[in-house]
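Shown next, in structure tokens, is the structure this report addresses.
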């Protein structure tokens, strides 16, 4: 399939669309981005890349980082991880405390904030230096040693992170947090501040399209069954309370972040990343949804 | 792939398992079934069938019927249907009124009871005789003219259907129901009382594995994009509040019913139905989950 | 205390206020009222009456009727009534299904709609002709044989009563309703359609200021402890989710209706009724609240 | 009225009752108390005291302290305080985050934990040394300069206070908290650790029975209308989600604490305190409820 041709068509089509989204503004650092940025990179399992626009410009990946920390924690605990976080869609906005209270401090899934905080707690208990461990892991699977945290973003998130502190304290009251709340939040906000390009992201997510293995070396990073299961969680829970809509319109497992990035995976075929900072009202990239819907329409294939 | 060999292996393996489930007992008619029944039928898109056990015995398909009524209504209204019912997972037990109240009478998806009642309302507004229309449709896509409603089950459901009456009345108070509540519920309970075998079900669901077309005649029943979208909804919403778990363990779109049936679809490959009446605590067939998890493990393929 | 003087002062003061409320409009019959109506009647336990304005004009008492049906049912079942309805404030708008579902069909208190429907069910199980029984009771304690239901209002409510039908069906699904839902709702809507004047209401509510006895004859209608307990429920639950505000501003037990009426009781002293059809956003008479706040400020006495 | 006679009768009657309650055990310090303790002290507005049992033994007043901090904050902000905390019953257990999230960080009332934390925040913004200010105030109105905090209890609460930290952080995310969360919680836990006897408490609460004035000197502590309004809030919100039950059974404004204390007020007559450490399932003193129900039955007077 000529992916580059398809990407070119998509680029042309969406350039005619009006972008109705708004850039995330809850921390000042995220508002400084040029709202007109648009990039896309698709990487196939035969290790070829296709792209257009700002595909190599780094941006704040935010919640997309939850997939990276989940894999690391999954490697550490294997299936015991599911004693501390469930795999069900939340049916509620991404930061709701209500369900968490009702369900005794066990988050619905690892991609809502509470779930990601539990995952961060698991990594803190396991690694001497979890920030370094995560960074090394992300650099390796994306093949880009220049990837780094943005400390300014991390600190800014931290100074506005009262709701996340509420989530962490509530879970600690139920016994589902082991480390100090402040330490976990510090790590959590660093993780969210990772900056990567579409190219970096689609290369990193190739392990989910390739049964857990790096495409270049066939080195096994996670087991095939683990990759499959993370795909399933991305499918049902990757887009806050718009996960059904994404499955419906795009039909691929994926994960979004409020920095405007979306990554999606077609198992056995490719992984793909889009970046456009304006968000729809559910917090997902407005243009990212449009681009990916066109991709599966034009290729004629989704997982469904 | 030698599906029959795989089915034989599965049959042997699960015969050693203890079934921890309980038969549905909220209406007397459902308790009369032999709890030890177990059948499976897989039908591939090249129109070959594979089965074991009680695969040709009819049982009460219950909520699986929601997929049939959804397709009919989708054909009638096309995308306008999504103004009246959403496509998001519910995050709540299958009969909860809370979310429905919070979201102004728009059900979360067409597979929770409230959503299926809206779908029934749509069919009642369109068809002179919706019971007949649905029955004809199901008979045709399954290729079995002997399929019928079980009136006794329908009437028994009706006499216990106060919670569904609550849902319908609540939605009518929000203006999302057009017909008389009693008429809709009558149709709804008939629909749930359909009796089909695993073979019937897997043949009927083949249209979802075959882009909306019958495999024998390539007659188009629903459009390819519609089949894909119903698959997406089955994936995210087909198993009450265990949809994530099913995606996680099995990795296929599917739908379950409290009669103990589960149907699942591997787009482009096959559809498969299992029947075992004992349910787990979430209301899905205990053994059905075990069987299907083994199927995707043994074939080595799920959609993820 | 010169109550008439106080009433005259209040009349003068509130005539200068702008009424920011809106007349109830969910059924057409309630919108036909003159929104400028204002009446007040205070009746003391020494059987003297004081009034101003439209104090003798009848209006639709709506939810105030819930107090009458509660007393009748309380006489019938005595304390067994509290097995079927609780006495706690609801903390939710008056027609919410959420709490009812969470608490297994036991309404929070007899003054939210679900609670009043349970009370109506109790009366239907006890009386051959509950409509007649309630009417006779109300006529007797108010000393006015001309009081009657407004059938047109009752039927109009019924044709818009889907939410109440939802409540009744939900409770029936939990086993907390014995009679047919339609029959109960018919009785319930008749009860709400009672038309009484401020004078009628304040005379009827005198039994709560006089330990359950008629002031003229000292005939005992309900026991002293029962009167005291209904006062307590009016205090904590009489004003939907503005009960705390009413206790705070007025400091008397009372009950309001969406027809614009409010009745309040100062045990041992008087009962008082106000009528002004425009409602605040919580569904209570805007001017009624102003009038009663002035009353307890000017008399210098509330129960607190 | 011969209060001492009544107290003696009550003492005798309740000595025959089985106490079905359990001592609070969420912090070790509260479990060290002798569960068999029982004391009562009633102080009338003519400054006479009546008591039995362990009426002069100090205990941990816990949530009863919320009334003291509320008065101080009410004096500071007057009615502006109601912009930051509402006066409605909560309809939820005392520490629920759900309503708080739904209502944008404005607590339902000042006696649930979230409301008391807002009150603590108000005092911290106003006083240089809020701990000292509160202590001086309590010592003065109770006439007992030996009253003090129990630092051990305060620190133990703090080390288990994750749920309160969740509440405070959630409110801070909504902008309803001005000071540092840790500082507020430190003050809040000190406040809850106050130790007072039944005699101390009933003397302190006399200001609510005496229109805001000390009975000995007629010195005005709070305005008459403020005392009345705090009584109203105690009536509707003083007993977690058992406030309706207390109004129903006892019929007086009051406040309870998990240390087993209850204080109640009969405006114009007396204030009364009871202490018995075993709690019912709603967190209120089992025997305290029994004692106070007998008190209003025997005196023949409640506010209703």
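As written, the chain order gives the labels A, B, C and D, with residue 1 at the start of each chain.
The rule we apply is simple: a contact is a pair of C-beta atoms (placed from the backbone, for glycine too) under 8 Å apart; a residue touches a chain by one contact, two chains touch by 3 or more.
To keep track of the chains, here are their UniProt names: A, B, C, D = Glutaminase.
All figures in this text were calculated on a predicted structure; none of them were measured in a lab.
Distance between Cα centroids is largest for the pairing of chain B (Glutaminase) with D.
The centroid of the Cα atoms in chain A (Glutaminase) and the matching centroid in chain B (Glutaminase) are 32 Å apart. A straight line joining the Cα centres of chain A (Glutaminase) and chain D (Glutaminase) is 48 Å long. Per-chain CA centroids place chain B (Glutaminase) at a distance of 55 Å from chain D (Glutaminase). The set of chain A (Glutaminase) residues touching two or more other chains is empty. Under the contact rule stated at the top, the pairs of chains that touch are A-B, A-D, B-C, C-D. Remark: chain A (Glutaminase) residues 96-98, 101-102, 162-163, 165-167, 169-170, 172-173, 181 touch chain D (Glutaminase) in the complex.
Chain C (Glutaminase) makes touch with chain D (Glutaminase) in their complex at residues 86-92, 99, 108-109, 225, 227-229, 231-233, 235-237, 241-245, 247-248, 251, 253, 267, 297, 302-304.
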